[in-house]
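Input: one structure, supplied below.
We just call them A, B, C, D, E and F in the order they show up, numbering each chain from 1.
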Amino acid sequence: MSTVKLVADEDASNEVMSVYKDIRQTRGGDFINNFWRALAVNPALLSSTWYHLKSIMSVEGAIDAKTREMIYIAVSTANACSYCVHSHTAAAKAKGMSDDEHAELMTIISLAASTNHLANGLQVPIDPEFLAE
Amino acid sequence: MSTVKLVADEDASNEVMSVYKDIRQTRGGDFINNFWRALAVNPALLSSTWYHLKSIMSVEGAIDAKTREMIYIAVSTANACSYCVHSHTAAAKAKGMSDDEHAELMTIISLAASTNHLANGLQVPIDPEFLAE
Amino acid sequence: MSTVKLVADEDASNEVMSVYKDIRQTRGGDFINNFWRALAVNPALLSSTWYHLKSIMSVEGAIDAKTREMIYIAVSTANACSYCVHSHTAAAKAKGMSDDEHAELMTIISLAASTNHLANGLQVPIDPEFLAE
Amino acid sequence: MSTVKLVADEDASNEVMSVYKDIRQTRGGDFINNFWRALAVNPALLSSTWYHLKSIMSVEGAIDAKTREMIYIAVSTANACSYCVHSHTAAAKAKGMSDDEHAELMTIISLAASTNHLANGLQVPIDPEFLAE
Amino acid sequence: MSTVKLVADEDASNEVMSVYKDIRQTRGGDFINNFWRALAVNPALLSSTWYHLKSIMSVEGAIDAKTREMIYIAVSTANACSYCVHSHTAAAKAKGMSDDEHAELMTIISLAASTNHLANGLQVPIDPEFLAE
Amino acid sequence: MSTVKLVADEDASNEVMSVYKDIRQTRGGDFINNFWRALAVNPALLSSTWYHLKSIMSVEGAIDAKTREMIYIAVSTANACSYCVHSHTAAAKAKGMSDDEHAELMTIISLAASTNHLANGLQVPIDPEFLAE
């Protein structure tokens, strides 16, 4: 797998190492997962993606950190991104998602998929009650 | 729009009216949205879909009702179901989703979509650290 | 809707009219649906698409004509193609799909979507028993 | 692969073993595929998914068992579910899908995908002739 | 359509008007399309989305502006985003996409979709020759 | 992986070998990738797919060969086709895609995905300015 060569620490340019360092500091650990090592083939792509993601996921907001990861899993599942499902399930567990929450998340994702396909399969017209204007 | 004729109350069989009645009681209101009126062309499909959904969405679990609707929006967006985005956004608002939470939900969905496509576009190999076994 | 101007009979070039004529003869009717009128902005695109589709859908094969249209609905639903769901539901009905078959098709599509999302959401490893080699 | 630990027979609770037993009886064989072993991390999720699927796929209806599996393959392909394509191709073959039917199924799925993308790419407006109301 | 109220100039806050002004200056015209007016319900979402997109689409890079819009159409088509197909087709035309290029783009998108579904439907194993490492 | 047995040269019928020969001549090399070896289980499917693809991808048109492959990558990424992303990234590189172009392609695909999900998540109404008629 992978259409690009992953960038190990010993092959990283200064620009890449600077982002790797910020990832390690932000997360409080030495592990750099393959997603970042793949993006690192292009330092600008690595840098813009990391700082964009960090500005959203590492900042306090209206939705707590665990729930954000669960929403991330939902989108990644529907988009069939194997890598993302794996990495964000690990992240959600690290942020406190219990086994029961994980199972219930799967139940809701699967229910949503089933009614999404029913509504699209029957092409149900949108009720005027649902429109914002 | 719609590939089937929506079933109005006056055209509904006893079997359909019985489900409509349960929808109204469960939700505490008279409104029956088009999704159910489309499924009603086949009473068995209406009935099994409604009671399956009710058993998941109307029961207390590990995830609160508002968050469930937000997860539903996430899946429906990724699956490009216009009807479902409309109906579950209305439901999430009815269950207390604030404008800030809505905007943050959109931010996370959109971020997830962007990294989903990066991971799939580069075919990043899954880190062994993410595997459950 | 539409990012191109639909080509009416009176605006059609000879090349386009020749394809329109073959559509009418093959289907035994005067109606040309918008899909072909949109493709007609580029006669080569219209021609190659029509003859490719005709060679598959109008020829007898291992799967009967009605079932082919039902498979078409399944794919179109999962790909969220509103136009295609509408046109192939009409085609399936014209080829004999009953209301019960339509409802059962929706049930299977919706079940498949739900287990697709469960398998992707849990990233279930493929059993060696399922591999052809 | 897998974000959860698969549940082997020797690690299964009574509740899980009872579902495994019903799967074996219904299918007439000892094999339990990984999908169920993954769901088994949550006995309620396993149980509700199995009995829901069984009530649809094991009961006689308007569409024969082989065709149902072929529709399942179509949806799973469009939803990019590798696991599901593998498991339902095996199931379809077990229910009598011939090599010719398999190849023709692929042809129709691939044709549908191509016209789905054309209709979505040109945003073709839906013909009034296709509407149910 | 729309799950939020679009923000007209007369209802816009100073923060929103400042982004609207930058959109107008960057594009050299008065027109603000609905996408931005919908995001404007949350000024931070509007601002971060606009400046992120501007930093990518308005800067010279390795791929010319017209081709970028054509790639945008390809992704939007596969993701079934009606709004995006409409807006980026208009943008591509404004940047010089000819009718022939538009038709050829549709041909390639449609071919890709068809072979995507064949490869996923048969679960073709990746050739080692294609791997970067 | 694979739901069908790949057809090696020594197992190929005359009909299959004739297509393999044309693939080798067209591409100027001995390598036949797994996609064709999987389709070869059904000679008619192999033949129609190859000659259809060849008629589009090997002929000069309005879009150059490298850009066509990049568009192919974009669609394959959004459709989550691992095989196709791998094979067309290899093809794009063989036709001159630079590392910078590859990174920029990923940036645009990822941006498109993010705004696709925003437009679908908010169900933004299409501006009349974007309609062709």
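As a working rule, a contact is a pair of C-beta atoms (placed from the backbone, for glycine too) under 8 Å apart; a residue touches a chain by one contact, two chains touch by 3 or more.
This structure is a prediction, so every number in the text was calculated from the model and none was measured.
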- Message: Can you check which chain pair, B-D or E-F, has more C-beta pairs in contact?
- Response: E-F
- Message: Looking at C-F, A-B or C-E, which one is a repeat of the A-D interface (more than half the contact pairs shared)?
- Response: C-E
- Message: Just the number, please: Cα centre separation of chain B and chain E in whole Å.
- Response: 26
- Express in whole angstrom the distance between the two chain centres, defined as the mean CA positions of chain A and chain C. 34
- Residues of chain B touching 2+ other chains? 1-4, 6, 48-49, 52, 75, 77-82, 85-86, 89-90, 100, 105-107, 109-113, 115-118, 120-123, 126, 130-131
- Message: Going by the contact rule set out above, which residues of chain B touch chain A in the complex?
- Response: 1-4, 6, 31, 33-35, 38-39, 49, 52-53, 56-57, 61-63, 67-68, 70-72, 74-84, 86-90, 98, 100-101, 104-105, 107-109, 111-113, 115-127, 129-131
- Touching residues (chain side chain A, partner chain D) in the complex: 80, 82, 85-86, 89-90, 99-100, 102-103, 106-107, 110, 117
- Quick one: which bits of chain A touch chain E in the complex? Just the residue numbers, please. 1-6, 48, 52, 55, 126, 130-133
- Message: Looking at the complex, which residues from chain D come into contact with chain A?
- Response: 1, 3-4, 41-42, 44-45, 48-49, 75, 79-81
- So in the complex, which bits of chain E are touching chain D? 73, 77-78, 80, 82, 85-86, 105-106, 109-118, 120-123
